Structure formats: structure tokens, C-alpha cells
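Shared between the two complexes below is chain A, which has chain B as its partner in the first and chain C in the second.
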Partner chain A sequence: MTATMTVPPIQMVAPHVVIRVKDGDLRTSQMALLGVGAILLAVSLGLGMTSHDPARFYFSYLTGYMGVLGITLGALFFTMVQHITRAGWSVGVRRIAEHVTAAIPVMALLYLPIAIGGFDHLYGHWANAEIVAGQPNYDAIIAGKSSYLNKQFFFVRAGLYFAIWIGLSMFFRRTSLKQDETGDPALSLRMSRIAAPGLLLFALSTTFAAFDWIMSLDPHWFSTMFGICYFAGGFMSFLAFVALLARWITRQGYLREVITTEHFHDIGKLMFAFMVFWTYTNFSQYMLIWYANLPEETTWFAHRKEGGWSSVGTILVFGHFLVPFVLLMSRHIKRNAITLSLGAAFLLVIHWIDMQYLVLPNYHGGHGTEHAAHVVDPATLSAAGHPSFGHDLDLWLHNINLHDGLCYIGMLCLVAGITLMFVRKHNLVPLRDPRLAETLSFQNI
Partner chain B sequence: MANHWGIVAEFDSASAIYHAAERVTAQGYTKVDAHTPFPVHGLDKALRQGPSHLGWLVICCGATGICLAQLMMWWMNAVDYPMWVSGKQPYAWPSTIPVTFELMVLLSAFGAVFGMFGINKLPRFHHPIFTHTQFHRVTDDRFFLSIDSTDPKFDRAATAKMLESIGGKHVELLEEE
Partner chain C sequence: MTAITVIDEPENPLRRAPLVEGTNDFTSVTNIVARVVENKTPKGWYLMFGAAIALLLNLGAMIGYLIFTGIGVWGNNSPVGWGWPIVNFVFWIGIGHAGTLISAILFLFRQKWRTSINRASEAMTIFAVMAAGIFPAIHVGRIWVIWWVFPLPNQMALWPNFKSPLLWDVFAVSTYFTVSLLFWFVGLVPDLATFRDRAAKAGRTVAARVYGAFSLGWHGSNRHWIHYEKAYLILAALSTPLVLSVHSIVSFDFAVSIVPGWHTTIFPPYFVAGAIFSGFGMVLTLMIPARQWLGLQELVTLNHLDNIAKILLLTGTMVGYAYGMEFFIAWYSGSEYEKFCFTNRAFGPYWWAYWIMVSCNVISPQFFWFRSLRRNPMFLFVVSIFVNIGMWFERFVITVSSLNRDFLPSSWGYFSPTIIDILTYAGSFGLFFTFFLLFCRFMPIIAISEVKGVMPQANPHHGHDDHGHGHTAAHTH
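Then we have the complex of A and B:
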């Protein structure tokens, strides 16, 4: 089908909208974000890789990496969902999401430390397992999984995931930018058609990436819900990230007519929804495992009762669900610039703690690691025989280290800096998107 | 006077009724309503309608659902007929969550639907506004603005004149049923 007409230029639709960042404007912030991100990461990589326990560092790095990767993948998902639903409200927000996805190639580069230096430290449990029958430490379970869990296929899959993500993100970003010039409405149709198989590919690749990169840290354990749990947290965090970034950009005087209280309200609603969705998936995973009570499944949660991690479980129940559920429920909270930003910042911190909960216990006394499980001092046990929350909290705060924070914040700053770089370089809004006028007059009922 | 329901005027377009609503409320009328074939963005603001109270009703219903589900399962499983299934406590919180969630959703939905009915005084068989000669076109291509006779500023002659002056057609005074 060929389009018979083109979308009029924005000057005709909305002459008041500022379409470009002024030359040199926001440059300092972009450089600061990129600089701080690069320095934090470089310091962390330098100190961590040369430390006496590089394995611990790679677990920190993976924590930060998966946290921020989830945000960039969330941006890709957001872009595709807007196209497949032909959403009118989000045209302005979508341009920022498109620029966030431009950071995925950088995330591919940042995967290299995991692939090169960290592989044996992180995945040695299955990669170096004895899987030939008759060997002294023969591991029958890993032998059974070895046709999937082997080093060659692992890296082939990693390459495939990045190829899918980078391919999709480049297609949507470039087509959208191309429409700025041609105003061809057929491009919108094309994007909504590609979004359908794109979302399928995205769902499969993200699920298996979560299996490969986090779940295989504990290769005896498995959960088919694991991928969606990872995705739910990542997409929520992307929405928190874009709420903060868009707020900051509007405070600099740009996009004010395009991303208004109405749009922030919608971003807040989605953020709230996916915060609840995270709870839904995580609880579903927990309840089925708890109910069936099969040792090969409960082991994952059993390890998270050691080494202080049960306090983190409690923190997540409150911080990733109950507290934000009550605080973000009200319409007034989501429509208020300050409270929405505070909620978004809080959820970005909680997302980091969630990633710790998924990754770090595999180092701290997790199954198959040679690091001794922490022995609980009987004096700190509560009446029920469990260590008290305070004791566990203390232990957790001792177990996490500087690198857990440096890697996450460093990569977050890098992604924000890259996004800002493209925001400055390209048009602020999809100038000739057929649904731009709808975005500009969008109101919540 | 008391046997009049109110005055209704017809407008041709969404933008006409939007501006009419703005001007009527600007003059101090408070009991004003609009009837349109489709939702008109921003019309609630032009009518100066406050936020709906339905949310508070829904949250109360949802909280009732949570409490009721917990009470029910605790009483049935741990008090009235304690049963140990596969080593779980008779009252084990993870197993109560799905039912709690469902009952919360059920009562919230009831609260939202029936609460909306109650606030709107629905269902009813008839409404005075249907006596307006043009009102059947509200589902097609016409927009209607009504001013209730209980409005403090309501005055049969002055209000009708005002509606005509802002472009209203078929301005009719409607009887109470």
C-alpha cells in the first residue's frame, strides 16, 4: 500500500512547539553524565578486576549491568508497544525512548567484561562442571543440561540477543527519524506491522537472556517465570527513568508542550502498573515453589534466607510493592512533578536492590559456590528460630560493597548521557508523526 | 417554579458546546451538565466539575474484600475446621493471597459499577430531559447543555435568554415529571 498524502510539517500543526535543542544547550549536562558514568565504571573495573577477589567484583558488575540493561530493553519494548497499539498519547515520550534504545550497542560493549573476564567466575559452576559419567565429581543435572548450557552455545545466544535488540532498536529509531523528513504516514503502518513479530522476538530474547545471564548462576535451579520477572522490573524502571529524564528536560525549557502533566500522569500509571506486575510475577513464582515444596525448586529461596538476604526479601515486599502501591495510587501524586519524581527515583533504587537479590546470593553462599555460607550466631535468632530482621539487614549491608553501587550508577549515568546526546542531536519530537496532533491535545478523562 | 426541571439548549458542534459551557459556568451557574454523542476532551473542566468521589467508594470496597477474604480463610482453615495439607500451616499467608486478591477485585468492581449507578441515581425509567423535542439527536450529531432549576442563579426568562445569546438553539424549559 502506498500513501497518497503526507503528514503536514509541524509548523502547520503546532507552530509553538520548539523542535530542536539550541546549539550548545544541555551540553554540559550531557558531558557531565557521560564523564561521571565513564569514570565510575573505569574506577570500578580497574579496582575490581585487580582486587584480591575478582569473582566478587564480577557479581557486582553483573548486578549493575542487568539492572541498566533492563532499562534499555524496557525502552525498546515501550517503543514497540506504542507502535503496535497505534498509541496517540505517547508520540513525544516515544522519541526519548527511541534515544534510550540507542544505548543498547553500548550495553553490548559493556557486556565484554562479563564475556571475557567474568565468565569463569560467574558461570564456572556449569561451564567447568564434570559432565562425563564416571568422573569423580560427575554432575548429572548439569550433564543433562549441557546441550543448552555450554560455552559455545552461550556466546552464540548472547550474540543473537544483541543482534535482535540492536536490529529492532535501529529499525524503529531510524524509521521514526526518517518520517521527520518525509512525513510519509505509511512508515507508521510499517512500524506497527514490524512491532508484532518484533515483540515476539523481544519476549523470547529477553526471557532467554535472563535465563542465561542470571538464572544460570545457579544452574541446578530453574523457573519458567524467571524471564518475565526480570522484564517486569526492567520495564518499570525504564518508566521511572523516563519520568525523571523527561521531567529534567522539561525543566530545561524543552518539550513542555509535548510532555505535559497529562503525559506524566500516564507514565506514572504505567510505572505503577508494572510495579504491581512485578509483584504479580514474583509472587506467582514464589507461591508455586512454596506450595509444591520440591527441593530442587525451593533451593533458590533457601539460599536467599542465608547471608542476610531474607531482610532484602522483606525490603522488596515493602519497597517494591506495599509502600509504592499506597504512595503512587493517588492521581494527585502522579500528576505532581515532585512526588512523581520522588517515586520514580525510589523505584530506581529498589530496582537495584531487586537485581542484588537475583544475582548476589549466588556468590554469598549460594549453591555451588565455594564461598562458605554465613553461619548464624544462635544469639541473634528470634523466638521462631530465624535470624531477626535487624541482624539480617546488618549482614546484608556488610555483604554488599562499593562496586555494587558504582557499576549501577555508572551505567545509569552513561545511558542517560547517551540519551541526552541524541536528544540534542535530533528533533525533539517526531515532527511529522500522523498522531502528533493527538499527543499535543491529549487529556486524561 | 418548582415543577420545572430545567432548561436545555442545543449546540451544533463539540467546540460550540465547549465554549458555551465555559461561558455559562463563568457566569456563576453551578448545576450545569452537558450531553454529547461522544466524550469531549476537557468538557468536565469547562463545566467546572469537581473530581468524582467514586474512587473513595471503590477503595473502601476493595479494603472490605481484603479483610473479608482473610477473615473467611482464617476462620474456615484455622478455627472451624483446621486442616493440615502437605505440611503447610492451617492458616498460611501465601496460600491466602490469590483468594484475597480476587475478592478485593470483585468487591472493587461491584463498588465501581453499582456505586456509579447509585451516584447517578440509575437505573430509572425516564428522565425529564427526554421531553426536549430535539434530544433524540444526542446519540447522533447534536450537543446539549442543561441547567438545573435548582441552580441558585436559575431564572426562567433570564437563563433562557442567556442560552440563546451564546448560540443555543431550541432552548426549551422542561417540566418536572
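Then we have the complex of A and C:
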């Protein structure tokens, strides 16, 4: 019976929907994004790698990299979740998410500077540790985990993560594009079936990538929650990213019937939910470590009270939770184009600050680092009394540099440019997705 | 009564499967739910109710004995100061998570299939939280000063320790109970009014009076419905954070400590995932026999069971992820105590409990990768029992296996439950089932008005060209 039917082409369901970007349209924006992204990154890489302190540069690079990687992984997660839940509201948004995941191979390329130039600067603490018993600087803890934290296995794992992410993103993107042509509803079933093991692989690879690439910067520290914290921030930021990008595309006259106020409202709700989920995971992690007060765990937060980072902790409490919580709670703010876009842009900035908080203190007075000279001696701080927020803020602004911004913005522009390139190249919506009609008539009550 | 249709078709992405199967309309849905209450009480009900009451009396006897004798009647010892009472508390609280998740979170996610299972699950939640609340209360020993847990101004200027998660539990659980009860009751009002009207029509005056009192004068006016829908949405939004916070705070009871195996940062979401897992396990345990015996197969369809099985697979695998992370980080941390604790869990004196836990919670839901097993009620029922067992053992493993090996070998011990422990735990099932059976006998066990709301007849475009909303499917029998 109906199972053998194909999905009718969109022209029959909704003849008014524009399905392709006009030739040459949006080209300037795409080129500008790609160009600006490439230039910013190239300038930053050129200046940074040749600077007197390349180590500092690689920490900037990692900050931007992990921030933007989280967004592209968020897109992959979003795509798979829409399939596994057979979501009807999101078919149009999903096509943009599919194109964001097309940037994951580029993220794999952008990993090369970390792998080639940055590795010793970033991960030297465990990679160059003395793990032979009896040696003068023998580090028993790192020696204990050297079967996991060693250079060979580290890169094997990195390869595995990218293989999983690229494999999954290619499968979902290509199958969805194929359905545009064939209209075969069985492809939808196939995608929802693959999404289940896909999400399992995604959860494991993202967790261990967060362990490897951020948590191991301080190889003595550990937290079982860390992978989830990283995922939560990345997925929230993807929703912010797609809210902005989709808004911009609709402003250019496309997708207006497919991604309406109703859909933006839903994206806003999800963004709000995962902003709160980020808070939930980070609060739990902080509170439990603070409460138990075990030195091997508190060390990580202790370093984040130095070098002005405690001001960033405060900024995150307000910027990553309290302020967006109060504002995004409102239905009106989520349904208003300008306020939702402002909120999304704000969260993208906060995500960048969150990544700084995870990565940079490992350089500034981080664990056992040789860069401690940059840091104000904690002894002088306590002698002068508890440092004020303003003082810490000054110190933080003094400690971050241009590269922290250039790398994040550069990669963000590149990902946006790549997404736009594919948006222009392919159909704007999954033309023959069986649930497209639901998307078009979707309304929040 | 017409024959019951059970539809088991392959999934077709071109249309949404109907939520109500068979040739039902609004009248027949009301009849299906109302006849459960209006028919003569079946003999089986009396049998089960008798057993439940016997267990409940046994609970009363055990609690009486405990209060008059002291908590030495339990197996709790030094170093295992937290034994079965805390295990049972967390077990029941966990079960109490599915109801509000179904009625609040699935509501916000527009999962319309929830409508036929939410009422019974919410009832389950309330009774499970009641069963849970008993254990910490009787564990305080001097139960006559239980009011000290509340921060009441008193002449001794004695206050509870606000820094203690045990106190946060008092607030979290009582808030959760209150909001769940309100949510359940608000949802019940229109259906109770239906029961009232039917009872009045049939001349059952007492029943009409009682249902009438609880239906708060509901007569289904437009105004009533507008208020009702708003209240429902607000309660759903309020309940959503509660679903996460209650079990997070229960997890803090353990995780704020420095006890290896208790203190780990993943505990809050891990406990929440486990709670949802156990709650849905209990939903299946209750709903599979109920739909069979009470003839609800057209409302609680195979698709419903399929969806619940998927949630079990998801949350069971999440729990497996947490077990894995704990093990990995225990090794990765380099902390000898952490390593010892987890080796001890898997291979120490409680190895059997650990592997029962892993088999039931992680391995048994893996069968649900297969659609045919997700749609086999008998198989689902068996696995749901394993889930209940596994989740009790999870709390047992966490509590006992961490405590029985203290930092000093001189403080090592072994915990064995006494007969009082076992009978008290069995008695808590008596409490739970007594209430649940009464609920099944006297209340609308399916949310009649909500189920009607997701039927194609409720769609204003019903009968017109509805742009393939998927509702057309309901016409194709």
C-alpha cells in the first residue's frame, strides 16, 4: 500500500516555496565570509606561529577551535535527533544543520596546526612528562595513565573521532539530498535507524574528544561530567548559530515560508533549554568539587581564581545563565526577530568566553606550566586582601589577546561561509521529505 | 463491546500512525475508560487488593516494631550506616520520575502519544513518592522529632543544617510531591466531571456526590477550558525543572561526600537518567497487564509500548555511559582509592550485585534495538521486571559497596539485611499497590479529555483537506 509510494514533490504540496537560491545570489556574502575567515585565520596563524611565544598562540587557536567545533558537532547532533524523533517541525531547519555539518571535514583540516605545531606546546605537560620510575621528575600520576595519554594513541583517537563525525555527517547529508531526487520515504526510515547508533557513537567520540583536547591540558585533573559540559555548550551555540544564519537567509528573501516565527520560537526554546542544561552540568560539576574540597579536583578551579579568571567565572554565571535565563524566558523575545538574534549573538560571545575559561587558564598559571611569570603571585593577592571583580576583570582583559578573538571569529566565518556555499548549491529545503508538509503548516499553540 | 483491534504495521514515514486505534469516536473512548470503573469489580482485583493490603499491614507492623525497638533491627552497621532504607528511598523516588516526565517534559516536546499513559504514570509517581518518603522518615530513629527537619523557629534556636543535601532533599521531594499532586489533580478535573455526570445519570448518588466534590463544579464551558489549558501549561513548565532537580539533589546526598564511588561529578545527570529508566520500567510493569485486563489496547497501543521501549533503550544506555565514565575516570584519575573502589565493586564481595546491575540496566534494554521485541508485550513485561530489579541493585551497589570498604582496613565490614529489612521493603510495595489498585478501581486511569484532543475528530480541519497532517491515516481502516 502506501509504503511503496513516493513523496510528492514540493511543487505539488507548496508551489509557492522558493526551492533554490537564484544564480549568483548570496555569492558576495559567501565569498566575504570565506574570505574574511581565511584572512583572519591566516593572519593569526602567521603572526602567532612566528611570535616570540607560539605556545600562547596555540592556546588561542585551541580556544577558537573547540568553540567552533562544538557548533559543527551540535549541528550533527541536531540532524540525528530530528531523524530519531521523526520530528515534523524542523525539516527546513534541518537542511541548514546538514550543511553546517559539511564543515566538519574542514574542521579536521584546521586540526592540523594543533596536531603538527601545537601539540608539544599544548599537551607537553603529559607528552613530555617523566614516566620512568626512579627518574628525578618522575610523575607517577601521568605514568599511571600513559597507556591512554601518549602521543600515538592520542592521534589514533583523533583520527577515529573525525572518521565518526565525517562519516555520520556525510551519510545524513547525502541521504537527505538523495531524497530530494528520489522522494523515497524509505530513506527517512533509514536515516532514523542509523541515527540511533549514530548518537551513541557521537556521545562517546565527543566525550573523549573533550577529555583529550581540553581536559588533558591539565592531565592531573579529571571530571566525569566534563564531556557533557562541553557538549551542552556546543549544542546551545549551534542553536544560536543556526538562529542567526536562518534569520539572515530569510532576510535575503529565502525560506520565509519554511522557517517562520513559529520555527524561530522553537529554536529559541531549545536554545533556552540547553543554556539551562549547560548551567545544570557546570553547576553540578563546580558545586560537587567545591563541596568535597579534594585537592586533586579543586586545583582546576583554583587555577581559575588566578590571573583574573575569577572575573570570568562571574561573567559566566551572569552571561551564560542569569541574564539569558530572564530574557529568553519570554515568549515575545523568542518570537521577535531582532531580540532573538541579539540573544543568539550574545550567547555566541559567551560561548567563546566559556571556551577561554576551559582552555586559557592552563596557559596562564596553569598546571605546572613554565609561563607562570605572567601571573600575579597569589601570595601578593592574599596580602592585598581579596581581589575585586574590577581588578580581576582588568587582569583578564590584559591576559587575553587578539588571537583569541581572531581564531574564533575566523573559524566561525569559515563555517558560516561553507554553510552558505552549500545552501546556494543545493535545494533550500528537503523537497520530498515526508514530513515537509508538517513543517510548512507548523504552529505553536 | 466490539472486538479490540491491535494494529501492528510497519512504520510508514508518509503518515503518522494513529494514536487511537480501532473505530473509536469520542463516545467510545469515554466508554472504554468509564467501564473500568462502572463494571462490576472483577474477582482478580479483590485478590490483588487483598495481597496489597496484607503487605501494607505488614509495613505498618514493621514500622511499629522499628519505632518501638530502634533501628538496630535493620542490618545497618558500622561502616555501612546507610543500608536498605536509603536504597529503597532512592529506588522509589526514581520510579516517581516517569509520571511527571511524561506529563510535563513530553508535553513541552509535543509528544502526543503521552496522553494515554500520562494519567496512570502520574498516579504511579505520587504513590511511589509516598513509598519513598517513608524510608528517610523512619530512618531518623526518633521519629517523634521528625519535625526538626523543617526549619521552624523554635525555643531551642535549633535549625537544620542548610548546607546538607539531606535537608535539600526534604525541600526537593516535598516540592516535587506537591507539584505532581497538583498537576495530576488539575488534569483529573474534566474527567472526574465526566464520571460525575455518568454516575448521576445512572442514579449512583454517592459516587456522583464524591466525583462532584472533586470536579470543582466543572461543566466544560469555554472559560473553563481556557483556564485549564493555561494551568496545565504553567504546571508543565514548573514541573520540568523539578523532574531534573529532585534526583539531582538525591544524587548530591552521595556526591558531595568524599567517599570513593560516591563523589563524582557525573552523578546528577546519571541519577536523572537512571530515574527515568526505572520510572518507565515501572510504567511498563503496570501498564502491560492493565491494558490487557482492562481492554485498553486501542488506547495504549503497540506504538506506545514501542516508544516506551525506545526510552528504556536510551536511558539504559545513558546509565551504561555513566557506569563507563565512572570506571574510566577512576582509572584515569590516578587516585588509588577510586581505583580500589571500582575494582572492589566489580570483583569484591559485592561482585554479584554489580553484575546483576549491569546485566539488568545496560544489557537487558539492548534487546530493544529490535523492533519486533519492542512490540512484544510479553517480552517487554519481562524486561521491565529486570529493569526494576536492576535499578534497585544500582542503588544497593552505590550505597553498600562504597561504604563497606572504608579508607582504613580496620573499618571494613559486610552488610547483610535482616528479615525486618526485607519485610519493610516488601511492605512498601503493599503501600504502592494498595493505592494503585484503588486508583484503577475508582479513577479515570486514562486522561479521557486529552486522548480525545489528539484524535483526528478533534482537529478543526477534520474532514477537510488537511495538508497531510497525518490525521488522514485514521480514516484508513
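As a convention for this text, the second predicted complex is superposed on the first by the 429 of 445 C-alpha atoms of A that agree within 3 Å, B and C clash if a C-alpha of one lies under 4 Å from a C-alpha of the other, contacts with A are read in each partner's own complex, and residues count from 1 in each chain.
Convention: a contact is a pair of C-beta atoms (placed from the backbone, for glycine too) under 8 Å apart; a residue touches a chain by one contact, two chains touch by 3 or more.
Only a predicted model underlies this, so the values are computations on that prediction, with no experimental measurement involved.
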Practice problem: Have a look at chain B and chain C on chain A after the superposition and call it: clash or fit. | Solution: clash
Self-check item: Comparison of chain B and chain C by chain A residues contacted
Solution: C
Practice problem: Answer with first, second, both or neither: which of chain B and chain C does A:S441 touch in the superposed model? | Solution: both
Quiz prompt | Partner chain in contact with A:I228 - chain B first, chain C second, else both or neither | solution = second
Quiz item: Regarding the shared-chain residue A:L189, is it in contact with chain B (first), chain C (second), both, or neither?
Solution: second
Exercise. Check chain A for residues that touch chain B in one structure and chain C in the other, and list them.
Key: 287, 291, 293, 441
Self-check item: Residue ranges of chain A touching chain C (in the complex, touch as defined)
Solution: 2-3, 5, 7, 13, 86, 88-89, 140-142, 144-145, 148, 185-186, 188-189, 196, 200, 203-204, 207, 211, 220, 222-228, 276, 280-281, 284-285, 287-289, 291-294, 296, 434-435, 437-438, 440-441
Quiz item: If you look only at chain A, which of its residues touch chain B in the complex?
Solution: 283, 286-287, 290-291, 293, 331, 441, 443, 445
Quiz item: Can you list the residues on chain B that touch chain A in the complex?
Solution: 39, 41-42, 44, 51, 55, 86-88, 94-95, 97-98
Self-check item: List of chain C residues in touch with chain A within their complex
Solution: 10-15, 110, 241, 244, 248, 252, 255-258, 263-269, 313, 317, 321-322, 325-326, 329, 331-335, 369, 467-470
